[in-house]
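You will see subunit A twice below: alongside subunit B first, and alongside subunit C after that.
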Partner chain A sequence: MIKYIIRRILWFIPVLLAIITATFLLAHSIPGGPFDFAGEKQLPESVRQNLMRKYRLDKPVYVQLGLWIWDVLRFDFGPSYYSRGQTVNDILRRTFPISAQLGVLSLILALLIGIPMGTIAAVKQNTLVDYSATFIAILGVSIPNMVLGPLLIWVFSVHLGWFPAARWGVDYTQLYLGIFPPMTHKFWAHAFLPMVTLGTAYSASIARLTRASLLQVIREDYMRTAMAKGLHGFRVIVVHGLRNSLIPVATVLGPMFAGIVTGSLIVERIFGIPGMGRYFVDSITNRDYPVIMGVTLVYSVLLVAGNLLVDLSYAWLDPRIRYD
Partner chain B sequence: MFRGKKPKKARSRGPFRDAFHQLLKHRAAVVAGLYILLMIIFALFADTSIISLPFGKEVRPLIALQHYAKTSFRNRDLPPGTPGYPLGTDYLGRDIWSRTVYGTRVSLSVAFVAATVSLLIGLTYGVISGFARPAIDNIMMRFVDFLYGFPLLIFIILLQAYFKAVSRAGATGFMGLLTQLDRAMGGLFFVFLALGMLNWIGMARLARGQTLSVKQKEYIEAARALGASNLRIVFRHILPNIIGPCIVAETLAIPGYILTEAFLSFIGLGVTPPTPSWGLMISDTYQAIRVYPWECLIPGAALTLTTLAFNFLGDGLRDALDPRLRGT
Partner chain C sequence: MKGARIGLLIVAVMGLLLWPALGQEKVVLHYNLGTEPPTADPALAEDTTSVNIIEQMFMGLTDLAEDDYSPIPELATSWEVNEDATEFIFHLRNDVHWVHCDPATGEVTKLDRLVTAYDVEYGVLRTLDPRSGSYYAAVLLIIEGAAEFNSADPEAENFLELRDAVGVEALDEWTIKFTLRAPAAYFLQIASMWVARPQPQWVIEEHGEQWIEPGNIVTNGPYCMKEWVHEDHMVMVKNPYWPDWDKVDGNIDEIYFTMVQEASTAFAMYLNNELDVGPVPLPEMDRVKADPVLSKELTIRPIPCTYYYGFITTKPPVDDPRVRRALSMAIDRVTLVEEVTKGGQIPANTFAPEMIFGSAAGDTSIAPWALPEEMGGWGYERAVEEARRLMAEAGYPDGEGLELLLMHNVSEGHARIAQAIQAMWLEVFPKASIRIETQEWKVYLTTLKPDTPIENQPHIYRLGWCMDYPDQNNWVHEVFNPEEGSNWVRMSFDDPYVGEAIRRFSELTIQAQMTRDPAERQALYREAERLLVDEIAAIAPIYYYTEVVLTKPWLSRRWHEINHYETWVLDMEAKMAARGG
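== the complex of A and B ==
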């Protein structure tokens, strides 16, 4: 098992290198440079060339890539070209915890709603409960973030006034260990609507998957055996059934990490949350190469690590699966 | 609560219940299909003069009353129900109903083109990989696994930024031809390209798996014994047997394509304004939701209904094509 984990982590290196190289080349081949304009004014050619030299942009692309990787190995993501006086490290330190809180909270919400909903639907198959759950799930899968977000703001902030419509409840200086938010009323009030917006689609697809796979597991012999032993129905479903039916759910959690990234780009924009996603699109428009690369690297590491976690969770969910 | 004898009961429902069940399942797919058909009609005949109404002196198309880019600064932010503007107007005084109707063109063409491209590339790649020698299969699938770990969305965003910048900078030669095509299509061509280039991976995996399982069947062996060529086996025996699940998977992937286009337009990397994409309409107006909620919620409703329709249609198709999955 440990050997397997080490092998997988070593495999990260070529994958991340390939992602970085492809992103770097693609980002640098976009026509236009970061110092073509200062505001609306075009910079004089000599000034532009000096700036390019200062930020090593006059060197060949592969040299720049090598130097960038060397810096990253020392945890130095470089300066931001666009936000003067800030390094990419500063930006990431400020924005990453917020995006991470949003992502993790919505994932937890998705699991907390999705798995029980799917279980109940499967247990009560072909009843009104099942049909309503299935219908709600298909509705939840279909409503896009960019529609649900404004709708929730309209109903809960504008009309009912229950939640604030924008911004995030904590500042990065108030976080414990730089990532954990204080559980204040203000934090939850700000987090609730974005969390629901991002989590709904995932909870719906988790519910559908849980239902489908639990329906197959329920027909297995060991379920009947457990029943015959006289175990309590609830216990049979949760301990014997649910655990075996969660493998498809674990499988989609990997791509879901990626989906949370997409969603957070939209949700952060709609709710005015100062997270990483907002910087990403702007950095591409501004040709702010270090920010593009920094954010891409963080996302890719999360994605690759998420896939590893999913693979490891198979072994926990189904002890027959072994990695040697 | 489940008591052990349920599994049998699931198969033998009462006739009334069964009918209700079928109604809910398949009526939904039927309604979804009708809705999509209606959208296709809207998309095709949005601006045609065949179906038109006299409006005072001028004759206007019946479906989209106005041109999507026609601004009118006197009629900004009108609420739904204003005479002449059934669903109101947006911040530039453009008719929201007409823009929503024109928006079906963008979403539907993305749906069909991206699905076709991904099906073609994925099927070809998957069938070749599944049919070829294990060594080749291994290499091809390693490549797919490799791509699977990539943050595809970041690449779609970067690709779109690249295409847009090239198009703005003015390109020559082959790229120039592509940018002209893109401009003629209101910025859609590059969306197709980016979506199609990156979304065939799942299809390739599915097609390979299906090919591998079909390849072992006796009728393939029989065909081979009769002297059929590889090409004939692939086209006559393998493809017809694997196409069903592939089409179902592709239909279920369509909402994803529609949402990706809306997402790209939302962040400003999709269609070129004033081409009315629902994502662009939402991103233009969501900040004004306190004052003018309809400007954002109407295209939002259209987008939701469309993804909903494709999801229902996909589910219905899956049930119809694979009875074993019925009810799951």
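== the complex of A and C ==
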């Protein structure tokens, strides 16, 4: 097992190097460089040259790539071209914790709603309960965040006045260890609506997946055996059935985790949350190469790490799986 | 122990209750910037958000008047200009202190340093320094030696010589002299810009690019920075040592800036009394106008920006000025602003809007077809008739054989406008074929650059222009002069149809730079505009932009081009009552 983990972690290195190189080359190949224009104004050549030199873009591409990889190894992602005077490390340090807080809360909410809902729907297959649960799940999948978010703001904030309309309850200067928020009333008041917006969409897909997978498992021989032994129905479903049926759920959870903790562009924008999500788009719009590469790298690391955890969780969910 | 705590609590509660009664309540303005300002550094700013916060913290040599944007004294109390507008000497006031704001307490300390001409000289040179990498150094290149210094290699031996050769010099503590490489009657407007503001050399040398962070930053304007939690909020507090408080009526002690990007969210925050000024998202426009309360809080006012379609004048069939004029005539600007953009925009018949010096906006002898009858123009019906005639004369009756590609950058708003104009053109020229293509913003700009092969370019492109400084030089000259401007419409003196007019246009905008008499300059620019939009018809001006804002009844504000919060008055009691209830 340990050997397996080490081997997998060693594999991260070439994977991440490939991602870094590909991102670098793709970013640099988009037409329109970072310093060709200010707004719609074309810049004088001298101004452009100064900026290119300042950010070492005047060097050949392979030199830039080499320097970039060397910087990454030292965890220095360089300066942002757009937010002058700030480094990519600054940006990640302050936006990632906020996105991660929202993401983890939403994911927990999604699991708390999704798995029980899917289980009930499967157990009570083709009953009113199942149909209502499926209906709600489909609703959750099909209402996009950009509709649900403003709707929740409109109802719970503008009309009922229960929650503030927008923004996050803490800022990066108030976090413990740079990531954990203080559990204040203000924090929860601000977190609630975005957490629901983001969480429900994911809970719906988790519910649908749980239901489908559990329906298959229920028909397995070992389930019938367990029932025949006279075990309690609830125990059979939860201990024997659910655990096995969670394998597909765990499989999607890895990538889902990486995506959700690095921030949702839409939810963060709607609620004015200073998270990482917008940098995935804005950095490209601004041709802010170091930021593009910084956020992509964070996402990739989480993705490969998430997938490793998923693979390890298989062994726990299904005792027949062994890593030797 | 427990008793002591309860006692403390009682004192605290009493204190809170007594707080407003003491009359010490801070007047706080809640304002949404709409985005994180990319910088607060006067040398590096290039966007309106950064400029807005810089304006509060740093005084300019000149300021722009609220009504007509003419240059008025700010840090400079008077100035002298030589005969041919190449030498500008500014006399500075001697009562402005540098101040520092404590991020923990918000307390403002007066430093033992006055703002002097040397600070301005340092600021200008730092902006021009190639190592700074400043975008807007571009507007200072009119200064003698500036272009040479800005394009110098910092490693070169003569680098310091080049720096010394730049035509900006503090003659003494209160006098600064600019020598220009060419006449520039508009330099007083440039002197109001952020790139020519005093900068604190000793702070910048100590902290580097981080000098603009709270705690480091040293400023001299009416407000100073207490907090900047990036992408979340910024707090500015009143600088009590700013010398002009007795000359303005403003009463705002603290400004709490938020950075919410989504207009519909900022609108909800405004309705919730979380903001004192709010935007109107386009889908809410009709509702706001009809709402009895919100309609009273609504202000629509023109801002110095123009939306236009440019023609690539060397690409057939729009190389024929008759075709270009016909297309410009067939745009129903009134319907467009009323039904599509809906923000009270003003139909445009010229490139530069009204508040720009030298503008001929609304002058009915220029492109009168663009204006409705009530503005003294032709009205759309007559314009359409003439458009049909011109198009037939050019060899495309009813648009037969006319194939056009219209391009714009990806955006819902631009798409709506383009589709509306496409429909108008097809209505007037039913046999024409008009395609619309879109590109991502920077790809789009790259396509429009004059070094792109013409076969990769569209016939018609959309762009906007907003002023850097309120003078026609920043408009007709910098954007369209075929020799010295960007000239993305590719006007050339060899143009077989209007080559002569293009040459005259070029001469006019250059001559206007050297002319000092305002009336004479005005006349030169009027003629240049007429050539650009009417005779040559290199562009079809569409509308002048407006700003649409909601203001709470407890705030009475002024309308400078950049917000002057020191002139705003807020009734804190009314605001607290609304927020509490």
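Following the convention adopted for this analysis, the second predicted complex is superposed on the first by the 305 of 324 C-alpha atoms of A that agree within 3 Å, B and C clash if a C-alpha of one lies under 4 Å from a C-alpha of the other, contacts with A are read in each partner's own complex, and residues count from 1 in each chain.
Definition applied: contacts are C-beta pairs under 8 Å (C-beta built on N, C-alpha and C of every residue); 3 or more make two chains touch, one makes a residue touch a chain.
Keep in mind that what you see is a predicted model, and the values were worked out from it rather than measured.
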Room on subunit A for both subunit B and subunit C (clash or fit): clash
First, second, both or neither for A:Gln49, with subunit B first and subunit C second: second
Touched partner set for A:Leu215, first subunit B, second subunit C, both or neither: first
Touched partner set for A:Tyr172, first subunit B, second subunit C, both or neither: second
Which of subunit B and subunit C A:Pro150 touches, first, second, both or neither: both
Which of subunit B and subunit C A:Met227 touches, first, second, both or neither: first
Touching partner for A:Val123 - first (subunit B), second (subunit C), both, neither: first
Contacts of A:Pro164 with subunit B and subunit C, given as first, second, both or neither: second
Touching partner for A:Leu92 - first (subunit B), second (subunit C), both, neither: neither
Partner chain in contact with A:Ala191 - subunit B first, subunit C second, else both or neither: neither
Region of subunit C that runs into subunit B when the structures are aligned on their shared chain, from 423-431, 441-449, 459-467 or 549-557: 441-449
Overlapping contact positions on subunit A, where the subunit C interface meets the subunit B interface: 30-32, 150, 153-154, 158, 269-270, 285
Residues of subunit C defined as touching subunit A within the complex: 36, 38-39, 41, 44, 46-47, 130-138, 141, 147, 150-151, 209-210, 212-213, 229-233, 258-262, 264-266, 268-269, 271-272, 274, 440-443, 445-446, 449, 463-466, 486
Contacting residues of subunit A [partner subunit B, same complex]: 15, 18-19, 22-23, 26-27, 29-32, 123, 125-126, 131, 135, 138-139, 141-144, 146-147, 149-151, 153-154, 158, 211-212, 215-216, 218-219, 223-224, 227-228, 233-234, 236-237, 258, 261-262, 265-266, 269-270, 280-281, 284-285, 292, 296, 299-300, 303-304, 307
Touch list for subunit B against partner subunit A, complex: 1-4, 6-7, 10, 13, 17, 21, 24, 146, 149-155, 157-159, 161-162, 165-166, 168-169, 255, 259, 262-263, 266-269, 279, 282-283, 286, 289-290, 293, 296-297, 300-301, 303-304, 307-308, 311-312, 315, 327-328
Subunit C-facing residues of subunit A, complex: 30-33, 35-47, 49-51, 53-55, 82-86, 90-91, 94-95, 150, 153-154, 157-158, 161, 164-168, 171-173, 269-272, 274, 278, 285, 287
